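Labels run A, B, C, D and E following the written order; every chain starts at residue 1.
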Amino acid sequence: MNGRNLRNDLFYYLGILLICAPFLKMHTVYVPLVLLVAWGVRSCAAFAGESRTFSDIRLKTVNTLVAHQTLAVGVILSAALLLPFASSNYLIDVLTSAILYAILATALNITVGLTGVLVLGFIGFYGVGAYTTGILTAKFALCGFWIALPLSGLAAMLCGVLLGIPALRLKGDYLAVVTLGFGEIIRIFLTNLNGLTGGPNGILGIKRPSFGLFTLDHPRDFYWFSLAMLALIVLIVSRLANSRYGRSWVAIRENEMAAGALGINVFRKHLLSFSLSAFFGGIAGSLFAVKQGFISPDSFTFYESVLVLCMVVLGGIGNVIGSVTGALLLIVVPEFLREFSLYRMLVFGAVMIAFMVFRPNGLLGSRMITQEIQDREDDGQ
Amino acid sequence: MTASDILTTDSLSVTFGGVKALAGVSISVRQGEILSIIGPNGAGKTTFFNAVTGAYAPTGGRVFLSGREITDMGPDQVARLGLARSFQNLKPFAEMTLLENVLVGREIHMASGMLAAILRSPAFHRDEAAQKQRARELLSFVGLEQRRDQLARNLTYGERKMLEIARALALEPSVLLLDEPVAGMNPTETGFVMELVQNIRRQGITVVIIEHDMKMVMGISDRIYVLDHGELIAEGLPHEVRANPAVIEAYLGGGTLAPAH
Amino acid sequence: MKKLILLAVMCLATVACSKKTGQETGVIKIGAAGQLTGPEAVFGADMLNGVKLAVEEWNAKGGVLGKKIELVPGDDQAEPRQAVAVANKFTAEGVVGVVGHFNSSCSIPASEVYHKAGIPQISHASTNPKLTDQNFDNVFRVCGRDDQQGKAAGNFAVQKLKVKRVAVIHDKTTYGQGFAEEFKKNLGAGVEVVAFEGITKGEKDYSPVVTKVKSANPDLIFFGGIFTEGGLLIKQYKAMGGTAPFIGGDGIMSEELLKIGGPATEGTYATFGPDTKEVPSAKGFNENYRKKYGEPGVYSVYAYDATNILLQSIKNAGATDGKKLIAAIRAIDYSGALGHIQFDAKGDVKESPYVVWKVESNKFKQVK
Amino acid sequence: MFLQHLLNGITIGGSYALIALGYTLVYGVLKLINFAHGEIYMIGAYLGFILISLIPAMPPFLQGNVILMMMVVLIVAAAICALYGFYLEKICYRPLRGAPKLTPLISALGASIFLQNFVMISMGAKDQIFPQTIGMKTITLGGVSFTLLQLVIIFSSIALMALIYWFINRTRLGVAIKATSTDPYMASLVGINVDTVISVTFMAGSFLAACAGVMIGLYYGSINFTLGYLGGIKAFTAAVLGGIGNVPGAMVGGFLLGIIEALGAGYFSSEYKDVYAFFILIAVLVFRPAGLLGKGVNERA
Amino acid sequence: MLRLTDIQLLYGPIEALRGVSLEVAEGEIVTLIGANGAGKSSTLKAISGIHAVVGGSIEFRGQRIDGLPPHEIVGRGISHCPEGRRIFADLSVRENLLMGGYLLPKSETAQQLEQVLAMFPRLSERISQAGGTLSGGEQQMLAIARALMCKPALLMLDEPSLGLAPIMVAKIFETILSLRQHGLTVLLVEQNAGAALEISDRGYVLEVGSVTLSGDSRALRSDPRVVQAYLGG
C-alpha cells in the first residue's frame, strides 16, 4: 500500500514541479513555495474526508448557538457595536467594507441561495444604487441622502425587473451568463454616459448622511449606521426566508415543475426574489457611495460580482448568517495577508482552493447542519 | 359533456418536433370516480397529464375543468383551480422537511402578506399555525406524521411517493392525477396505496391514475381508458377492457408470465 | 489530524516570519501606494522600485532627522475600495507621508482619508484634474494634469503638424478618456474629428477599431491610454496599411511601446516631460535604477522624485508633524531627476512640464 | 470594408472558439463552468513565449525550418498546458465531486487568482514581447488587408476544431466522453474509467486553449498575465451562445461572437463593443433558451 | 462464483446494508426480492463498486473485488444493468453498444456486436437511431444488450420490468431465460416477485438491509411469508 502511495506522491509533486519549471527558471526560491501549496491543498482534501473532530466542534458550536439564540445574537451584536472603541480607523474602515459586502451577500443569497438562480453580474445592481445616490445627491444635488437611499434601492429594483422579465425564463447557467452580461453592460454604460455618470471620471463629492445637525462623518459613526442597516436587512431576509415566501423560493430551487404544480407562479416568485435582491443590492450601493464619497466604474467590475458570490458560497449557500460570515472572511482575510505584500493574492487564491476542498458545503453549510444534528440524535436512540 | 363530468378533454394533441405524442384524445372524467389510463410505454399517458395540467402547451384541442376552459393556462393557474398531480419520476423538495413540503402545497390557501411576514404580526402567526396543523393532518393521512421534521431527501422511494400525494392533497383539489403511484412497490405496499386512493375518493376527490400494475388498475378503477401511440384505443369498465382484443394485442399480451393475476 | 496540525503550524510560522518583530522605534515610515498585484501590477512595481531607490539612497546617507526611513508598501489593486483601505492602514500605522496612488480613481477617494488625517500625499501619476481641484491642502502631484497635457498635445497637432482630420481613440479609463477629451477640446474649429472611439483594455485584437479609423482617413491618430494597447493599435493599424502617425501621452512613453509595436511605431509622437537625461541627477537615477531593478518604467522617475520631495521636505521642516510637513512641501523648490519642481496653491506642479517626443530610429527623441 | 471586418472577426473568433471548446467539453462531463480556463489559455500563451525564447538554444535543423519550429513550439506548449489542465482538475475539482454545484466555482476562482499571480510573480508584470517572426507582411487583396500569419491562424483553428470533432465522434475515448456527459453513473457501469475520461477532457480543453494562446501571442506579438480574464469571459459567452455542452455549438458561437464584435465595433460605436455581444446573447437566449445549437434543457428529476 | 460475506453499506448516516451474505453459482439465475428500501439495489451497487462497502467482503471467482473501482469490476466479467435503463440518449444504438464493449480489445468488438445484435434483431433495425428515441421496451432491450457487450460472466439486472407494459414484461423475462441458455449467470432484482421467482433457480429475501429468507425458488414461492408479503396472496 505504501509503495503505491509513495509512487503517487512522487508523481504528484514531480509533475507539478515539472509543469511549473518553465516559469521558475532561475527563481529556485519558488520551488518550496509551489510544493508547499501543492501539499497544503492536498492535505486539506485528505483531512476533509477523514476526521469528524472538526465537524464535532462545529456541531457543538452550532448547537449551543441555536440553544441560546437570543443570547448569541445579543453577544455578537454588542461586540460588533463596541468594537470601534477598541480599534483604529483602519480596522473600522475594513469592517465597514465587510458590512457593505455582507449586505450584498445577504441580498445575493436571496436569489442564489434561496431561489437557486445563479447571478454573475450582481455588482450591476450595486453600481446602479451607488450611481443613483451619486447623481441625485452630488452630481445634480436634487435631494438629500435619505430620499436618495430608497430611490437607489428602487432604481436597482427596476433594473432587476427589466432584466428579470426576459432573463428569468432561462434556465441555470444560461441565466447566469445573461446576468454576467447585465453587469458588464451596466459598467460600460456607466463609463460612457458621460453627461449623467461623469464617465470614467466618476462622481466626486458625495456627502455623508446626517441626522439633523449630526453628520456621520467619523468612520465609527458610519460603521454603526451600516451595521444597523445590515441588521435590519438580515432580519428582513431571514424572516422572509422563514415564511411562505422563503418556502416557495426554496421549493422553486428544489424543483420548479413540482412547485408550479402546487399552484406557485414560478415566474412571479422568481421575479420577486430577483427584484428584492436587486433592491437590497441598490441599498448597499447607496451606502458605498456615501462611504467612499467618490464613485467610478472601477468599483463595479466582474471580479466584484464573483467576490460577492464567493461570500455566499463560502458561508454556505442559502444560509443568511453564512453570507455575513463569508463577507467578513473574504474582506478581512486579504487585509491580514497584506503582510505578504506581493504574494498576497497568490496566498489568497491558494487559501480559497484549500478552504473549499476542506469544507465543500461552505463554512456553515445550509440546512445540512440541522440535519446532521438530527441524524446523530437518531443514531443515539 | 354531461353535468357530472369534472374534467374533459376535446381532441387534445401534443406534437414534439414533428412527432405526435398525443393525437386528438378526448376523454371525460366523472365527478367522484376513480379512472385509470393504461397503455404501453410511450403511448402518451404522461404527456397527457402534462398537457392537461399545463406543463406542456397543447398543440391542438381543448381542456375543461368543472366546465371552465383551462387549455392555455400555466401549471400554477390550473393547480389553483383544483387540479393536483403527482409525478412519475418523483420530485419532492429534497432539502426541505416533510412538513415544509406539504406547507408549500398550502401556499395557495395562505392569506398573510409580505409585510406581515416581515413584522411577524399576529395574523402571520395565526395563519402559519393553522396551515401547519392542516399539513400535519395530511402527513398523518399518508402515514408520515412521525417523520415530519426530517428532510425529504432522507425518505425511501415509497415514502417519497406518499409525500407527493400528501403534498398534492394540500391543494385541496377537486381532481387528483397520480402518475404510476405504485410502480416499484410490492403487493403489500400496493395494497396500502389502493386503500389510500379509496380514502381520497371518499373525501369527494376525483382520482385519475396512470398505472401498469394490473392488480391495482383492475382492483380499484371505476373505468379505464387505454392509450396507444397517442390515441385512445379502448375505454370501458375493467372487465370490458381486459377482454378487449385490441388491448390484449397492444398491451396486456397473452403470455403466462404477464402479472395480471 | 497530525497533518492538519503541521499545516497550521507552518502557516502560522510563515505569518510570524513575515511580520516585523515588535514596533521599531526611531524610524520614519513613509507609504508607497499603488497596484502591486492585479491587472496593472507592472505600474505598481515600477513605482515601488523608484520609491525604494530613493529611500535606500537616503538611508545610505544616514536617513532623515537622524532616523532611518522605513518604506511601507500598500497594494490598492487599482480598486477604489482597496485604496481607501490602504489609506486607512497607512494612517493607522503612523505613516508620515504617502507617495501614490497611481490611478486617479484610487487617489481621489484615498486623498479624503489622508486629508482627514492631515498626512501629505504626493501622487506620482494621477493626472486627473479632479484630484487637486478638490482643494485639499495636503494633496500634491509631481506629474502633470490631463488638461495641461491635452492642451500640449492639441496645440502641437494644430500648430506644428497642421493636421485637418484627426481620429481619437481612448481606452475608456479615467486617464485615457479624460486625456482624450481634453485633447479634443484643444483642437479648435479648423480640425475635424473624424472618429472618436473607445477600446477595451486588456484585449489583444483591435482590428475592428483600426479598420474603422483607417477608413475615416485621418492625418493624425490620437491615443489616450497606456503603451500596451497603444503598441498593439499602432502595429495593427500599420499592418492594415494605415499611414497616419499616432500621438499619445505619458502613458505610451515607454520602451515597451517600441517593443510591442515594433518598427510600426516609427514616427509616433508622445507628450511627456522634458528629456531627463540632460539633468545630471536623472542620469544618476537611470544608472542606479538599471543596476538594481533593470529598465525603469515611465513612472519610476516620478515616484523617485516624489519620494525625494517628501523626504527633503521632512528634512526642511525638521519634523514629521503633518502641518509643518505640508507647509514644507508647498514651499519646496526642488531640482531633481524631473527637473525643477515647485507646487502651486492647488498642489500641481507650477511649470507645466510637457514637451513632445517622437520615435526616431526606434528611440524616443525630444522634438525641438 | 465589410469583408475586412468579417476577416477580422473570423480571426479573433477562431481563438474564441478554441477556448470555448474547453468550457463546453468540461461542462459536458462535469456540468461545471471551469472558471480557471481563461488562465489556462494565458499559461499556454506564456509557455509558447518561453519556448520561443529558447529557440536560439535549439538544434540547428530546427532553427532552419520556421514552420517545423513553430509546430514544435505549438505542440510542446499545448502538451505542457494539457498537464496544467490535468492538475487543475485533480487539485481543485476532483475533491469536490458531489459537493454543492457552486462550490467548484469558488475553487476555480481561487485557482484563477493563484495562477495569475503565479505568472505575475515569476514572469513579471510587464508585457512579454514575442519576437517578430514570420508572415507579418501585409497582403492586400481587393481592399482587404491581411497577413500571411492571419491566414495560417484561421486555418490552424479550423484544423484543430476538425481534429477535436473527429476525436469526439470517431474514437472510442471520444465517444466515452460523450457517454460520460450523458450519464457518468452508467458510463462507469460499462467499464469507462470516469476519472480518466474527465482528466482527458480537461487535457483536451487545455490543449486547445494553449494553441489559441500561442497563436494569439504570435499574431499580436505581446502577452501579459491578465490575458486570461477577457479571453475567458468572451469564450465562455461564445460557448453559451452556441449552447454550452455542445461541441459544434462552441465553434459556431466563437466565430459568431468574433464577427458580431467586429461588425458592431466597425459599423456602430466601438465604445460599446462588449455590449453588442451581450445584447445578441440575450436576444438569442430569449428565442432559443438553450443557445443556438443546444437542445432543450432536460428536466432533471 | 460470487460470494458476499456480511457486507455493510452506508448512505451518509443511514445504514443501507447491515450484513448481507449471499452466493451465486455458475449458470444460475438468482433473484433478490424485498420491499422498497430493503437494500436490493444497494446490494448490486456494492457488487459493481458504485458504492464502497464499509464492512464484509465480496469475492468473485475466488478473488476479492470489494474496493475496486467499477470499471475494474466490469473488466473482471460482472456487468450491471441498472434500474431505469439509463440509455445514453444522445448516442446512437451502435454507439451505445460500442460503449458497452468499451473494455473489449478492439479486434473483438465487431464480432461481439454481431453476436449481440443477432440476439436482439429489433436493435439492428434501429442501429443508427439515437438511443433516446427508442420506446421503453426497446430501451430495456438495448440496456440488456449493452450489458452483454463486455462478454460478462455474471449479469446483474436491476428491475428490468419496471414501468413496462405487461406485454413487454413477458418479453423481458423470456429474454432473461434465453440468456441463461447462452451460459450466462444472472443476478436479478425484481419487484415483480412472482414472475422473477418463476424463472429463477434460487432466491433471497431482503428486509431492512439484511437477508431474512433464502432458498430454492419453488420453495420460496410457496412459503407463506413470501406469498403474504411479496406475491400478494
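In this section, a contact is a pair of C-beta atoms (placed from the backbone, for glycine too) under 8 Å apart; a residue touches a chain by one contact, two chains touch by 3 or more.
Remember, predicted model here, so these are calculated numbers, not experimental data.
Over the chains that touch one another, what is the least number of steps taking chain B to chain C?
Minimum step count, chain B to chain C: 2.
Which chain lies at the heart of the structure, taking centres as C-alpha averages?
Chain A is the most central one.
Taking each chain's centre as the mean of its CA atoms, which one is most distant from chain D?
Here the answer is chain B, farthest from chain D.
Report the pair of chains linked by the most C-beta pairs in contact.
A-D
Computing the C-alpha centre of each chain, which chain sits at the greatest distance from chain E?
Here the answer is chain C, farthest from chain E.
Where the CA atoms of chain A average out and where those of chain D average out, how many Å apart are those spots?
Once rounded, the distance between the two centres reads 29 Å.
Averaging only over C-alpha atoms, locate the centres of chain A and chain E and give their separation in whole Å.
47
So what's the Cα centroid distance for chain B and chain E, whole Å?
From the centre of chain B to the centre of chain E is 31 Å.
What whole-number Å value describes the gap between the mean CA coordinates of chain A and chain B?
Taking the average C-alpha coordinate of chain A and of chain B, the gap between them is 41 Å.
By residue number and range, which residues of chain E touch two or more other chains?
14
Of all residues in chain B, which are in touch with two or more distinct other chains?
Residues 87, 91, 154 of chain B each touch two or more of the other chains.
In chain D, what residues contact two or more other chains?
Residue numbers touching two or more other chains: 117, 271, 274.
Chain D touches which residues of chain C in the complex?
37, 39-42, 44-45, 172, 197-200, 202-205, 207-209, 211-212, 215, 228, 231-232, 235-236, 239-241, 256, 259-260, 262
Over in the complex, which chain E residues touch chain D? Could you list them?
Going by the criterion above, the answer is residues 48, 50, 69-71, 74-75, 79-82, 86, 88-91, 95, 98-100, 102-103, 106, 146-147, 149-150.
Help me check something: in the complex, which residues belonging to chain D touch chain A?
27, 33, 35, 46-47, 50-51, 80, 83-84, 86-87, 90-92, 95-96, 99-100, 102-107, 109-119, 121-123, 233, 236-237, 240, 244, 271-272, 274-275, 277-279, 281-282, 285-286, 289-291, 297, 299
Once bound in the complex, which stretches of chain B touch chain E?
39-42, 88, 154, 156-158, 180, 183-191, 212, 214-215, 250-253, 255, 257-261
State the interface residues of chain A toward chain C in the complex, per the touch definition above.
36, 40, 43-44, 46-47, 51, 53, 88-94, 97, 191-192, 199-202, 204-205, 219, 288, 292-296, 298-299, 301, 335-336, 338-342, 344-345
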